[in-house]
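Each structure below appears as structure tokens.
Same chain, two partners: chain A is paired with chain B first, then with chain C.
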Partner chain A sequence: MSTSGPQKSLQRHPLAGWLMIAPAAVLIATFLIAPFILAFGYSFTNQRLISPNPTEFVGLRNFEQLIGVGTLVLSPETDDAGVVVRDDDGALQYPTVRSFTRANDDFPHLQGMQEWFGWNWGDDRVVVLARDLVFMKALTNTLIFVAVVAPVQSALALLLALMINQKLRGINIFRTIYFMPVVVSIVVVSLLWRFIYDGRNGLLNNLLEFLSFGLFQPIDWLGNPGTALWAIIAMSIWQAVGFHMVIWLSGLQTIPVSLYEAAEIEGANAWQKFRFVTWPGLRNTAVLIIVVITMQAFALFAQVDVMTNGGPVDSTQVLVFQAVQRGYEQQNIAGGSAISVILFVIVLTISLTQRYLTRER
Partner chain B sequence: MTTIKMLAGALALTTALSTPAFAQTELSLWYHGAGNEVEREILLGIIEDFNTSQPDWTVVLEEFPQAAYNDSVVAAAVSGNLPDIIDVDGPVMPNWAWAGYMQPLQLSEGALDGFLPGAIGEYNGEVYSVGLWDAAVAMYARRSVLEEYGIRIPTLEEPWTLEEFDAALVTLDASGEFEYALDLGMADQGEWYPYAFGPFLWSFGGDMVDRTTYETAEGVLNGDEAVAFGDWWQSLFDRDLVPGTSQDMADRETGFIEGDYALQWNGNWFGVQTLDAVGDDLLFLPAPDFGNGPKIGGASWQFGVSATSANPEGASAFIEFAIQDEYLAAFSDGIGLVPATAEAAAMTENYSEGGPLEVFFALSEAQAMLRPVTPGYVFQALEFRKALSDISNGADVITALDAATDAINADIERNNGYAVAQ
Partner chain C sequence: MAGLELKDIRKSYGNVEVIKGVDLSVEHGEFVVFVGPSGCGKSTLLRMIAGLEDITDGDLYIGDKRVNTTQPRDRGVAMVFQSYALYPHMSVYDNVGFGLRLKKMPKPERDKKIREAARILQMEELLERRPSQLSGGQRQRVAIGRAIVRNPDVFLFDEPLSNLDAALRGSMRMEISKLHNQLGATMIYVTHDQVEAMTLADKIVVLNAGIVQQIGSPLDLYNSPANLFVAGFIGSPKMNLIAVTASDATADTVTISGPALPSTTIPVATGHGIKPGDTITFGIRPHQLVRDEAGPLKGKVLLVEQLGNETIVNLDLPSGDQLVATLPGSAILHLGDTVTLGFDAKNAKLFDTNGDAVKPA
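Moving on, here comes the complex of A and B:
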């Protein structure tokens, strides 16, 4: 006993706990908290990656640049008699947006803005302009990505978890197969999927051609603005679904078997068992999974970086990719920081809302 | 214990071996070509010759993969760990010089006489870097193909005009013999875009930035000439004459050799291997003249001295030693680059009179134009690349060029016009 004496007293020393969390705490403080505070500070300056010029405080200018929007109502062109001009197809003619946004002193607040989207309002055309169109596209693409991936990935993961939560021979093989993409590096997975999506002789095109007996015309999945984001969404769902399947599975296995037996005796069918036993039992797991998937989806980067670089025509720009591009490639640390801060605010708001909606009542 | 002793012994031995007999000051050299054995051997040869040729300095080589090189230098500069001698890509040099990473070279009078202009890195009236080679781009073609379809073979004196070039592409496309009439190399989405396609814009009469002041891109990147270039550029993709941005890098490397592409816009570094595969039928044609003279990009990797070097005279001495004709010729023979002087060219296998790549030296001499010499070029290149990708993927030409112009102007403004710090 005498040998274990000093050991015991060390463990009970008031500093012991602090010492034990010290490695993690120091790392988190250095690589998470400090960069975050720096980014927050930089977003109000004109900090550059490389520059001999001193950093200056610029207030909210970075944010104004990013989220500035404006609207413009275009009236159709009229001829001298005041009658609207129509082209050969009968379509109305509008002045170009460019004539308002470039070197037009009557519209100083629209200087340098770009057309984001627009719609027709009677004969007039309403155009919404963005000061930073790439950022706006990145923002909408990110929101689309999250809105699709969060529900679809969690539902698919639940389906897989239910399917493999059975005592069948060889079920571990399926568990392993579904989990495999998770352990492969996302960069490798993205590279492989680039080949799968290849427009000339990618696996996907060949498969679809084979299944449709040659009727299917090959599509350049990643080179087409209409399909690129969806290609990345599909691949991302596939890649991480196994991870969430395992979490669902752990949730499933905490539900006592006795509840199912009781339901059986009551004469419940499979759907009723799921609806009234499984689903309530998975409540906390569901909250966790939705929050985790949402946050991971907002952090989308590697797939875009490897597969499309944000193209074609900004159809796969996303926030984190833009933050990195600006901060590092364009040497504009302040701009990248501002995007990070905006992303932080969005994710925080959504997470808090999710927590509020799923709170224990 | 024995392993530790052995380790210690080995350590002591290597230290003893690597310490030179007389006291030379160590100079570090960073190079971008990690992984290329030939380059490494030649460079090590030069370093060894230099180290034994004089008693004061000994140069030590450290290599980086090209993709990570610029980032490494920037990171080292931020943390104050720059080497004495750095290797820098020509168009990036003004950015690093402006940022205070580099200092002007201390070369003796006349050291750069006879050098190709693309091999001399000058910024703000001072020479900051010098290259042992330049690179050049040419239109790869097969004589038999051009003759078969009745297309005139252009010369340096009489290059293709826009109409001629475009008609040639249409003819080749209509033949149905090729997957695409021309391969531009859209798969190579890095510095290749501004380096290879910027000269098209210059020849049309536009530019990435107004070179008289370097303070705005308005009117040059979105002026009538640039829009004309953009329209033509987009039409290449609309008419399916060239592969688009989703081209595979493997197709880029083999497409012309295998006859899938009738023409290929490519650099001299592909010359030797293409020549091996295609043989005497291969032609290296000069850039077409789109209205303002035929142009290709100049400047490749060069050597410079870091601002924090404690021994700049030693670093400059090494660079002056390295730019001797025999080393220029060695690099050219080793990796196929255009030697920086005519004397060196005469000593090489490929660029001497009658050599298979001789034409590239003439191209460099006659057509090379530097990319905008300004610290803002790094940003301008990115915007130019984005505009070209977007236009090729169907974006509105004027909108894309306006967007690039605005972004470039905003960047110049953010940096106080890239004025040199006082």
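Moving on, here comes the complex of A and C:
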């Protein structure tokens, strides 16, 4: 063949392969690998966004600042006779936490910490202190978000996929409807849901009022520290459930129909067909979906940024939002980088654990 | 222990009728083969018996119970699929025992049955393997084992051997035949391979386009095909079918002639209904043609297949028709040779203007 000669030699050229991956490699290196290495480096310095002072290496100080925690056991106040003092309501009196964390030379390791949470233990009171309360809030909120979203969203997506997978007239309409939120920008969706969650005339309040014949008292879903995170969780599950539904669906469609028929003849009911045919057939899909949802959930940012800005009273602070806020609004690039590195370590650990738990045996 | 009765069974998809009224009765213990070209409705008919397709119209009895609306699992049938339909994540042992497990059969009893089936099918050493670790023939064996343990009244096979190579197909055919003798169960077997049909069946049902063409023993179908379709379908090489004109007809003979054939008188049974001038079809099996210098059929050799024990020749007749003859292996022929063939008039078949067979004398 006359055309194969030059083509072949070009393909065989040692540089050809490198050239072909070059565009993708350059993009990935510029926007993924380089920032990652930079963030890793900055997290050990005192780098600020704009600063007249030179950058200095500070070791692990940023991390100590973020994840420093301590505990304090407070004994009730006693009078001179050693009897516990009670106030008018009979409640025990404790020394203030501040007296330990502010300029108390006996407790240098608690210097500058704030009370995070505490509980009573006999007459004593145990207090957990954190050096960076906002970060701790962000960390726990993120973990709650992941712990709720990952199982609920994947289960819901599977349920939708099972329903959608049936051969019914007009089923494509439902597929489209469920998938629609996925193609709309998350920023737009978040804006819309701000109206839905509105405290006075929001769609959700109106709906609940209507369904309860006016008994329901309107709630400011996003303005209430008790509901704001849950409102974001619900909306996030709704928004991406269609995407994972499609992945489940593709998994479902790789299962041969004849397996179901064989099971049916052998006497399997609907649950047994799911248990013995569908679920084992979806193993690889399940691993994929759990890993993807977990990673996406850890990256939660846009919803918080658009809907609550981390508030009210830090009830919707999450790690990525904190990283951005520190890095750009507080101009503390080093602090933001340290959060990113911590997030990276957490996600890596969880993904590796998931991979290990779901490995082929 | 049950026979089977189909009464005017019909199946439509939308307004397309694919099974157009099938009547069939199957004795207990009979081996029935459905045979016909691709798309004629064999699988559909079998799946209606299994309960995997709804029956649009007609009555289906298994034993003496009408089962039109009975769940597949309650019909007492077991099915072996063309694709084997083994559960990929279960061992052979679990695959075979799956139906018993669903029936909540106690473990020891189940184990006994599984091992018994494995012994019958000589696959005891395969029990711990996964289906992916088996060859096609072994998989088919497992699929049959899965059917055996359930001890069904009726076994249904949908082209179980079509994924196997010719040699394996031959030996599995023997095993299925042996199994039938051993178990004495009713078996219904779908194939488009007429050799399988001829070798396995007690009774063959020839289907074409959703209509039963003929029901009978293999030799019945071979010796007295009911119509042109069966004549052309059963037998290998195919029966020669040549269009001729009835030049004369008496009560018990028909004289035919045509461009391919000089005037020949064929004895037929009385009441044949053929009138002089009718365009009818003359049929003769390749094996029934002999070399005869005085014979009526003369043609040029187009193709010679020397099989050793016999020689199959394709002849080009001057009329443009083609003729296949199976001659003794000793016949040495070359392309372009002229060969003259004759036949015994009582072996000739006639098919009237509708394609139905004329009864021989």
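Annotations
Methods note: the second predicted complex is superposed on the first by the 348 of 361 C-alpha atoms of A that agree within 3 Å, B and C clash if a C-alpha of one lies under 4 Å from a C-alpha of the other, contacts with A are read in each partner's own complex, and residues count from 1 in each chain.
Basically, contacts are C-beta pairs under 8 Å (C-beta built on N, C-alpha and C of every residue); 3 or more make two chains touch, one makes a residue touch a chain.
All values reported here derive from a predicted model rather than from experimental measurement.
Steric overlap between chain B and chain C is absent once the structures are superposed on chain A; the two fit side by side.
Look at A:L60: by the touch rule set out above, it reaches neither chain B nor chain C. Between chain B and chain C, an angle of 140 degrees opens at the CA centre of chain A in the superposed model, to the nearest 10. Measured by the number of chain A residues touched, the leading partner among chain B and chain C is B. When the two structures are aligned on the shared chain, A:E115 is found in touch with chain B, with no touch to chain C.
Applying the stated contact rule after C-alpha superposition, one finds that A:E266 touches chain C and leaves chain B untouched. Legend: residue contacts after superposition of the two complexes on their common chain; A:R200 is shown touching chain B, with no touch to chain C. Look at A:S258: by the touch rule set out above, it reaches chain C but stays clear of chain B. In the superposition on chain A, A:P280 makes contact with chain C only, while chain B stays out of contact range. By the document's definition of touching, neither partner reaches A:L159: not chain B, not chain C. Using the contact criterion defined above for the overlaid structures, shared-chain residue A:A16 touches neither chain B nor chain C, since it reaches no partner. No C-alpha atom of chain B lies closer than 54 Å to one of chain C in the superposed arrangement.
Put simply, chain A touches chain C in their complex at residues 256, 258-259, 261-268, 272, 276-277, 280-281, 283. Partner chain A is touched in their complex by these residues of chain C: 50-52, 72-73, 77-79, 81, 83, 85, 87-90, 98-99, 102-103, 146, 150.
Looking at the complex, you find that chain A touches chain B at residues 46, 48-53, 65, 98, 102, 112, 114-115, 133, 198-200, 220, 222-223, 225, 309, 311-314, 328-332.
Across the interface of their complex, chain A is touched by residues 71, 74, 77, 95-96, 98-101, 189, 244-246, 248, 251, 378-379, 382, 389-390, 393-395, 398-399, 402-403, 406, 410-411, 414-416, 420-421 of chain B.
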